[in-house]
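Take a look at the structures below.
Two complexes, one shared chain (subunit A), two partners (subunit B, subunit C).
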Partner chain A sequence: MLTYVSKRLGQSLLTIFLTVSTVFVLIRMAPGDPAYALAGPLASTGDLEKIRISMGLNEPLLTQYGIFLKDLGAGNIGKSYSFQAPALEVVMSRLPNTIFLAVLAILLAIVVAIPLGVWMAKRADTKRELGVNVLTIAGQSMPDFWIGIMLLTLFAVVFPIFPSSGFTSWSGVVLPVTTVAILQIALVSRMVRREVGTNMAAPYLTVARARGTGEQKLTWAYAMRNSSIPILTTLGTRFAGMLNGVVVVEVVFNWPGLGSLVVRALETRDYPLIQATVLVTSVLAVGVQLLIDLCYPLLDPRVRLGKVSVA
Partner chain B sequence: MSVLEVRDLAVELMTTAGVIRAVDGISFSIDAGQTVTIIGESGSGKSTTAMGLLRLLPDDLAVISGHAVLDGVDVVTEPKKFAKLRGRSVALIPQDAMTALSPVHTIGRQLGEAIPRKGGASTADLNRRSVELLEQVRIPEPAVQLKKYPHQLSGGMLQRVLIAMALAVDPVLLVADEPTSALDVTVQAGILDLLMELQERTHVAILMITHDLGVARLVSDRIHVMKDGKFVESGEVEQIVEHPQTEYTKKLLAAVPKLGHWDGEPHHDALEAGPPSPYATDQQATVRQATSSQATTSPVTLNGAHP
Partner chain C sequence: MSTVNEIPLAAESMKRPTAVTKRLLRRSSAARRERSAKVKIVLGAFLTAVVVLPIILAQVLPLPDVDAQAITSRFLPPFSPGHLFGTDQLGRDILSRVLHGGQVSLTIGVLAVVISGLVGVVLGALAGFFGGWVDAVVSRLIEAQLSLPLLMMLLLVVALFGPSIPVITFVIAIAQWPEPARLTRSLVLVEREKPYVQAAKVLGLPQITTLVKHVIPNVINQVIVVVLLLLATAVLMESALSFLGAGPQRPFATWGRIISDGQDFITTSWWIVTLPGAVIAILVVGVNLLADGLRDRVRRRKGAAS
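Entry: the complex of A and B
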């Protein structure tokens, strides 16, 4: 078990390193010039050159990468060009808002999607289930910015129940969280329906029913319990995805999280800020994935002790 | 006094292509302490009979009709009342032990669930009873096995666990749906011996479903030969084996491999290989009348019908 954990930990670190390195190269290959973005269209060629030298962008790519790694080792990612503050600090100040949004959205998704998915599995192919099924297809097909704008129009403009933007009170949380959660609910409930449906038809369930086990227990203790690994994996992947900043929704609702920050960082070619965001979000995403992997042995005895055997 | 009384039982399976009469008006009864075997090839409807009698076929897929009384409850007309009998007066020994237990729950947990809890029974009582049951089916080190998961036991051991589970409730009827088909031949004999010994002790009635004439011969009091959802021949074991009356039973007997010299010629009187198609031909399938028992359709087994 210990070797398994250390092996997975090593893989995680490698993933983070490769992600950060790839982004370092890619943003420098992309068109656009941070000096120009900072100084504006009226700056002279000489001024731009001076700014580039002060940012260290005149050096060859490999030298820049070497300096970046050295600084990273010392825990320094550089100063954001546009905020004129350490990039990591800027990211960390925005992070709680995104985590807050993601946690609320995933909790809402769990609370709604799991019972909904189980209900669909048990009522499969009835008329009412078909209706709900169509709704979930709609839910996963609608783009999130469109859902966001529709909710805004309906509940902030036509019926002004909730504020349209910002993060000032609890009522301001409702619309962004709902927007993010709708897609997750649609995806997760369909997934639960499929998994639980498969397990409800499994031979062991018929045998358990034959020995007089009650319907509730069959559903939750057997079918749901046996579906827990794929469901947890999906939830974890969705959650990690949300931590990367729910970009569009944050922009639509003017939510002060990582998503809106990274959009601004990209617009201004703020290399240190982009790198800091990528570093933080990749650490989080990989961390969540690691945590879920470590849960597998607890959920399925066949995965224990690093021996995977599917009977 | 018979434990199970079946008259004109029929099971119709709803499929996208139409209705299939998998079980077509069969009648039989089983007395306490007796073993009645339904034997037939794949697709004859024998497993559908067993699962239908236990009401374990999905309601939207299978329509059961006729008359079947088990322990005073009408299986056909009182499904709710009958559901309470499952795991009380009637128990199932399933076909494939390897898939018959939930992979993420321990043997002890699943066995414990089958044990009826009388008022004030503690966890220790439950544990003691579980160990006792595993001892009855001759599983070594029962206390250790209770903590194991299904994938840690062999198929033969799992089948013993399932028999223990079936016995936990003191049933009046055991439905054994091909209990040895998935097992190694050497293990089969042990399981059948165990079943016979337990029957002698508890006087439980057994409905045995099998395609294996050897098994039927060993355990049965009466045999019903099933083909296309109907009984083609019924009788005592010796009578069926020694003096088969119908052509089908004769072929079934001839299909049993024999030791000895082989002249290199194929068996001309052997049964056609493979299960019959549930839809006799495409044309017949489209014009078939759902309710007509004269329809020339062949039934399917439970496994074939399940999605």
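Entry: the complex of A and C
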């Protein structure tokens, strides 16, 4: 148990370390002066010189890396020059909105996708299932920003049921959450179908069925419970991918989260801001995954006893 | 000898009454799976071809010039004479823009997928075959990358290095290599334990030769199918990058930018956004269906091994 926890913790720290290092290398490798990149187009030569010294650009690369890490540790990623405020603060002020959208979407996705996936597993390869299967493939194939624009046009312009943008009321939440959830429903339900399908065909289930266990119990208490670990793992890794989707969808709906922030940062070449977004979202995704991984022992006693390793 | 015996046997079995009717055979789960796979492959190939062929032939087809603007024919609806998909806010032909944008997207997608496929197969195969520290390094890298929301990192790279086609291709390739690597690694791990690898060792074949000439050919089919799935993701990723403003810059028409530019006119001219998006969706659905159907098939051929 302890080895499992420490292993997972080490892995998460390694991931964060790799992210931080990649950002460092990218900034140093980029054409042009990193001081210029950090200070922005409006900086004077004096500012540039100050930044150069504070970044230690005349020091050896390893020392520079040390300074970079120390700055990060102090939460100093640089000043966003389109907001004239520390980049980290700007990102943190937007973060709750993004998390809110992501959490609602994943909840909706789970509520819809698990029954859907179980149904698909039980009716595998019938005509109706094939139809739904093709639909789920379509669901994961449409660009999410396009789904967003389509829903927006349909339900906010043509049939004005929901407000078109913003975060003002609960009805404004419906369309963005649905947009993000569509892709997740498609992905998760296909995964549930695969996992539950494998378990439904497993010998232990045949034995249970032969002993007269009811179909509902077979499905939910046996097949679904045994599928829950791989499903949870994938949900954990999926969270990172979902953040990507959330960011894009936010732009469509003018959601005051990280998405619109990052697009603005991109337009103004606000490197510190993008950098802060990269780091914050990475820490968030890695943290969520760690949390999920630490839940395994509760679901699977084999993990608790260190008998299986969770990939 | 054996043929002499078999012929009457076969004839006899045809006469013998059997409980297994053709109808039952058709309804068996194996036959159903086969049919599902076939439907997916045919439908997928059809949808992919519907989009890809016109894109390849865009230069040959009688289309208006991509950038030809005409103030007099702005916002023409679809099926207008000479403009099948209508025109946009500057009077440019949308079909022409979609097809030329498709050339950019497909070039980026195919190149990116080839690079990520190669990198993934090489690293995955080395990790699976040799184990030890190679495996440790590659596996940690895969895990690290899979748990990150890469989009922001990609945006940072594009912001720093400029949104040129090579940069975007590279960025998408880097985003995608873990998937084929992970799969190759897990397949090679199984393959490595098979007797023929031992035989090769006994025969004195160098390990790397065994890997390249014998192990990889046995797993490559399954990997290629997954790489095909990645092509779908690559196209989506490129369109998302363009939509966010990090795609190839003008003069290239890209799918994401056609949509983001047309967004402002959605209430009056729905087709500017709807049609390009539908084209992306059809292409990606087609590729996904094709890959999904092929995967079902390849997996079955391989039997219980996977």
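By our rule, the second predicted complex is superposed on the first by the 257 of 311 C-alpha atoms of A that agree within 3 Å, B and C clash if a C-alpha of one lies under 4 Å from a C-alpha of the other, contacts with A are read in each partner's own complex, and residues count from 1 in each chain.
Criterion: contacts are C-beta pairs under 8 Å (C-beta built on N, C-alpha and C of every residue); 3 or more make two chains touch, one makes a residue touch a chain.
None of the values given here were measured: they were computed from a predicted structure.
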Partner chain(s) touched by A:Thr98 [first = subunit B, second = subunit C, both, neither]: neither
Partner, of subunit C and subunit B, that touches more residues belonging to subunit A: C
Touched partner set for A:Gln64, first subunit B, second subunit C, both or neither: neither
Subunit B versus subunit C as contact partner of A:Thr234, first or second or both or neither: neither
Subunit B versus subunit C as contact partner of A:Ser260, first or second or both or neither: neither
Touched partner set for A:Val251, first subunit B, second subunit C, both or neither: second
Where subunit A meets both subunit C and subunit B, residue numbers: 125
Subunit B to subunit A touching residues, read off their complex: 54, 56, 60, 84, 86-88, 91-92, 94-96, 98-105, 110, 113-114, 149-151, 162, 165-166, 168-169, 306-307
In the complex with subunit A, residue positions of subunit C that touch it: 29, 32-33, 35-36, 39-40, 43, 140-141, 143-144, 146-153, 155-162, 232, 236, 239-240, 243-246, 256, 259-260, 263, 266-267, 270, 273-274, 277, 280-281, 284-285, 288-289, 292
Complex interface listing, subunit A residues touching subunit B: 125, 201-213, 217, 221-222, 225-226, 299-302, 309, 311
Sites on subunit A touched by subunit C in the complex: 11-12, 14-15, 18-19, 22-23, 26-27, 29-31, 37, 124-126, 130, 133-134, 137-138, 140-146, 149-150, 152-153, 157, 236-237, 240-241, 243-244, 247-248, 251-252, 258, 262-263, 265-267, 269, 271, 274-275, 277-278, 281-282, 284-286, 289
